[in-house]
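The structure is given below, and queries will be raised subsequently.
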């Protein structure tokens, strides 16, 4: 366990440095004078001019040579100072918290919903086999073929416009959460029900599963004792890989539903050249990745304490 | 004497083709019944048919009577655990990889007999003690050796109290020394009921005694009292099967004698090898001469294969010196024959193409191929197939062919016949050694079969 | 190397070839260009002149769809080729050349993996908005990692395998070992990844178009067309349906072609 | 190490807190659908500072300025009940309204006003550029602003949102804004940048008190989702609707659509120093080639919004009433270009001295109309042989391109009512060296003289005359090419009564709104 945590910490340091440097280099490579961009975001499109840009440049010391700026940034990072947003002047840590809170809420809700959809469907199609299996798999293929935003648009048209059950966009109440979470859940469930089904199929066909019944345990008891954990193992491992791509889906969904999460915030910060926020958000995502993977490893270890730690 | 199991003209079909021809047998209380036959002879289908575990696409014919009653598949399934049980072929796969050993026994008492958790636990512990696993209950299957896993599986399977036990290859994948333990355990566990064992291992059949059925390619070839059949086999097939046991081989069955005043191929001085920080052996010294067959024996895990790999330079040595003493020999003339032929030959192209690659690379005289294939009794057609299309024996002989074409000076044969059935194994071993002797190639043989080594080797190194 | 295709794979291939034919023939046959406007004939339903109708600028949807599909395929193809080559090469290299190479590449891959692909693409695409080249580079940069991981894992097993070891002992060189042992082992995975990668590249481009970072007007691109036509969903639903259906069809086709599931 | 712990603790608490905020806001006691008016608009806010996002806070009626602007663009009293300009026009005295309290309860007095204005002057905004000598309190009710030279625009500038008056306690040490304590009819209730803002009724307001208890402001980034919010009734008032959605929304009985002209013009900024564009005939040709009627009707979907001149009819001083339309615009355009030596080559592109007529047009995506208009322009110029590359970037690319000289043509929406008196914008756009959002490399002595005299002309007649001359000059010389007048499209749900639109976009007039009783 200690070794795992040490490895993960090391990875975290690598990721933080790498992600930070990558964003730093990329943002410096972006075309256009940063001062103008920042001024446009600060003062609004009607009020940006060269004077505003000069003001910004002066205040933020944007004319530092890149290596010096990098050095400052690295030193700050070592002291866990993420700085202030260039646009709003708010501490980055606050905005990142705010955004991450919303994204996590959406992600957790989406994940739970998708588990509610994918697990029963996956088990059911593994249990009953064809023709139900083929129908369900075909259906999930079709949903997978739809980009997340198409799915979101369809749900919007049906549930928000046609029936007017849920709000179109925004946040703040549980009702606002439903459509974005559902979009995320459906697109994610279309992938994960397959994993559940494959895993279940393998377990149901495995010789230990048969042996348990041969020993005299009933089908239901066998499923309880030997099915659940063994099926869960690859599903949880898969989750670890897919969590990042889930964040990808979140970027689109947040944009579509005006959800003030980290993906949306990052996209906006990129447009505004708000480097500290970009770095903060990217770092948070990277750290989150390492954290979630550690969590997945621990859960996997809890389910399956055999051998050493997975790498 | 109650008849526990009676089969009348039981046959298994896949569509139109018959996988198991009609067979009749009966198993009586207290007298074990053994079905002997090679892998793929259809004997496992019989056990599956009895249990009601045949895959859906296979059709069953004939009548199966359990405990005196003719039963349908579902009725037999209802007897699982309490009356009828089958031991799995490969215990590692048959045990839940995530569950502690003792729990896998305990759950039978709990859920089949409805006992309380504490009582079930105590009973399970007692069972484990009985099979010699008193201290391994908290381990998971992957932490157990093959023999321990099989003992655990036997404890779990018999906890339900079934009187009729079917054991399908109960010793598959186990070391020879462990096999007889398992058989003894099976015998005691089934003393009160009936035991139907399916095996390819003559030694096990001999140990179990009782009645025996010999099956070849889905057909019954010989039947009778085990003692009688095994000592005086009548069928040709049974004779061949018995004759393939290294125990009964004639000493030094090679036609070619050792060359006179052979040169030393390899000199090993004070060799030590470590693996994963653990020392396998220390200060080993020996010599290998041209045409000589050197055997290495020892427990599994003692470093037999590592020694061979180290000699070939595939593994680093901790200390000591290995000197190759034939200066003219090229690196590619020091070769290895692998335990599992299919994993040692790529399936991406045909065998002919592979041979062609070799000929092209080293400029080998094509004229040598045909006679060599004759000697190895390899038919021409296998060259058009990939390694999946040929049998294990043919593939191992093909591997030998490839090796010999390079005129090797040293060949490390790592259990070259352990995955082959006994008759084929005997053929391959004989061929390999006589051809090696002919071409003055030294062979280092690793085997777990002490009989084989004793009968074939000029020098034996025990680790 | 030959692939025997399952019927579902054939089905996927037919869908993709059909769309490709539509793209090629459409751009070739159409008398219009993708930016030719007719403000007097906007939002027309399909008719004899404009087989798929006209958009909000009165541009021929048929021409624009053909162009967009062609663009998507082109991007998918170059991205798949680049990322597959790079990922396979580096994956084999990492698995075959000892711990140092593996370690360095591993650190790099871990950093890349820790950021969602779309975010990296977003960052890169923001450098040069609307640049096809940048999109291509960004998507390839994100996708090669997937090949790398799979190829590396499979190659590690093959490198340890008796078959390769025996070829090496018999004196065969590295290229031969790659050709006979490693490539046949990784080819099916690479093919499957390539099919998914094609779908993902096209999806990413459409997603970027949807948040206005991808290809820019007046070029026709499926995601961009979706946002452009979205405001007219009740006035001219047949227009919005076209890019949506085509995106779904392409992705579906690639998924079918992949055969195996990931 | 300690900072690491603080970091972790802060992150941890932060997560908890943000979850609590989200959940907390779900079970909001006071504000509900019934008592809350919800407004959706495209603009997000990131800062409390009025110099940055003040336009949101004045519109939401949190903040007020000394002077206000009525719908005709005239200055009217607000926090200052009256004001007086000295004889030499170098001193302005403002008398503050009595008994006005900030939301934090403190009294709005001269010291508070001086503090707000002094801080605003240090920040980016119009006040910074004004020739101000001093701002001081004469007594508790009177504020005096002294100028170094006469400056007519001061009144209009003080009405600008960046010069809103905040309670002294709102400011931090360095003049940063920590709280929004203004004087408006609404006060801040929830502040969740960049998307959500809720204000509640200020029952101690000095003027007309609001009727609706709560108003929420939600940023809807995508034009499509704003349309859907209007459609579904989830937002009561939706600003900035995309033209494409209008036909659909018009059909809905639950909504009333308002189309209001605002002094904002969609126009092209032209680099008059560019070798292809330095001749006025080239700029005229480009202007003639634009099918303004088509753009207004089919793309913007507002017939008759086409703009031949830069300033809209509402600005009477600057609007030229008689302008003749060219009968054969395309032919004239081609003739003009031919007279400059341009000939069409085999590809149909104009060519002169081996150079093809290629232009890069930049525009920005903040306003949905601009990109579609740009696409239309591209096709229309293509028809006369001018090959145009459209580059959609950020709005800041325009001032930047102006400064570094790289800009060729830019399409933008310029707000001439940004400061209540259009002269302010005209001065900065057409002054000596042009302006970031105005003329570029266009040097005209007449214009400079005209603007110089306009700055201190007080006589309305003379002022009108001069302004007309300047407008005529801009029209003829075309340093900017107008395309269309901006019409703000707003959808208002029928449960709301009393909506009216501020053409200067200073206020949503929330205190005039009521819910209809069901």
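Labels for the chains are A, B, C and D, by order of writing; each one numbers its residues from 1.
Going forward, contacts are C-beta pairs under 8 Å (C-beta built on N, C-alpha and C of every residue); 3 or more make two chains touch, one makes a residue touch a chain.
Quick caveat: nothing in here was measured; it's all calculated off a predicted structure.
Student: Which one chain sits nearest the middle, judging by mean Cα positions?
Tutor: A
Student: More contacting C-beta pairs: A-C or A-B?
Tutor: Between A-B and A-C, the larger count of C-beta pairs in contact belongs to A-C.
Student: Taking the mean of the CA coordinates per chain, how far is chain B from chain C in Å?
Tutor: Measuring from centre to centre gives 48 Å for this pair.
Student: With chain centres taken as the means of their Cα atoms, state the distance from chain A to chain C in Å.
Tutor: Once rounded, the distance between the two centres reads 22 Å.
Student: Could you state the distance in Å from the CA-based centre of chain A to that of chain D?
Tutor: That gives a centre separation of 37 Å.
Student: In chain A, what residues contact two or more other chains?
Tutor: Those would be 255, 271.
Student: Of all residues in chain D, which are in touch with two or more distinct other chains?
Tutor: Those would be 393.
Student: Which positions in chain B touch two or more other chains at once?
Tutor: If we look for residues of chain B contacting two or more partner chains, we find none.
Student: Chain pairs that touch, all of them, please.
Tutor: A-B, A-C, A-D, B-C, C-D
Student: Spell out the residues on chain C that touch chain D in their complex, using ranges where they run on.
Tutor: 35-37, 39-40, 42, 56-58, 129-130, 212, 216-218, 227, 230-232, 234-235
Student: Under the touch definition given earlier, write down the residues of chain A that touch chain B in their complex.
Tutor: Chain A residues touching chain B: 206-208, 210-218, 221, 225-226, 229-230, 233, 303-307.
Student: Mind pulling up the chain B residues that touch chain C in the complex?
Tutor: 312, 314, 330-332, 334-336, 338, 340, 343-349, 354, 357-358, 361-362, 399, 402, 406
Student: Under the stated contact criterion, what part of chain D meets chain A in this complex?
Tutor: Touching chain A: residues 3-4, 6-7, 10-11, 14-15, 17-19, 21-22, 25-26, 28, 43-44, 46-47, 49, 51-53, 55, 124-125, 128-129, 162, 176, 192-196, 218-222, 225, 228-229, 231-234, 364, 366-367, 393-397, 399-400, 402-403, 415, 418, 428, 435-437 of chain D.
Student: Tell me, which parts of chain C touch chain B in their complex?
Tutor: Spelled out, the residues of chain C in touch with chain B are 1, 161-167, 169-172, 176, 180-181, 183-184.
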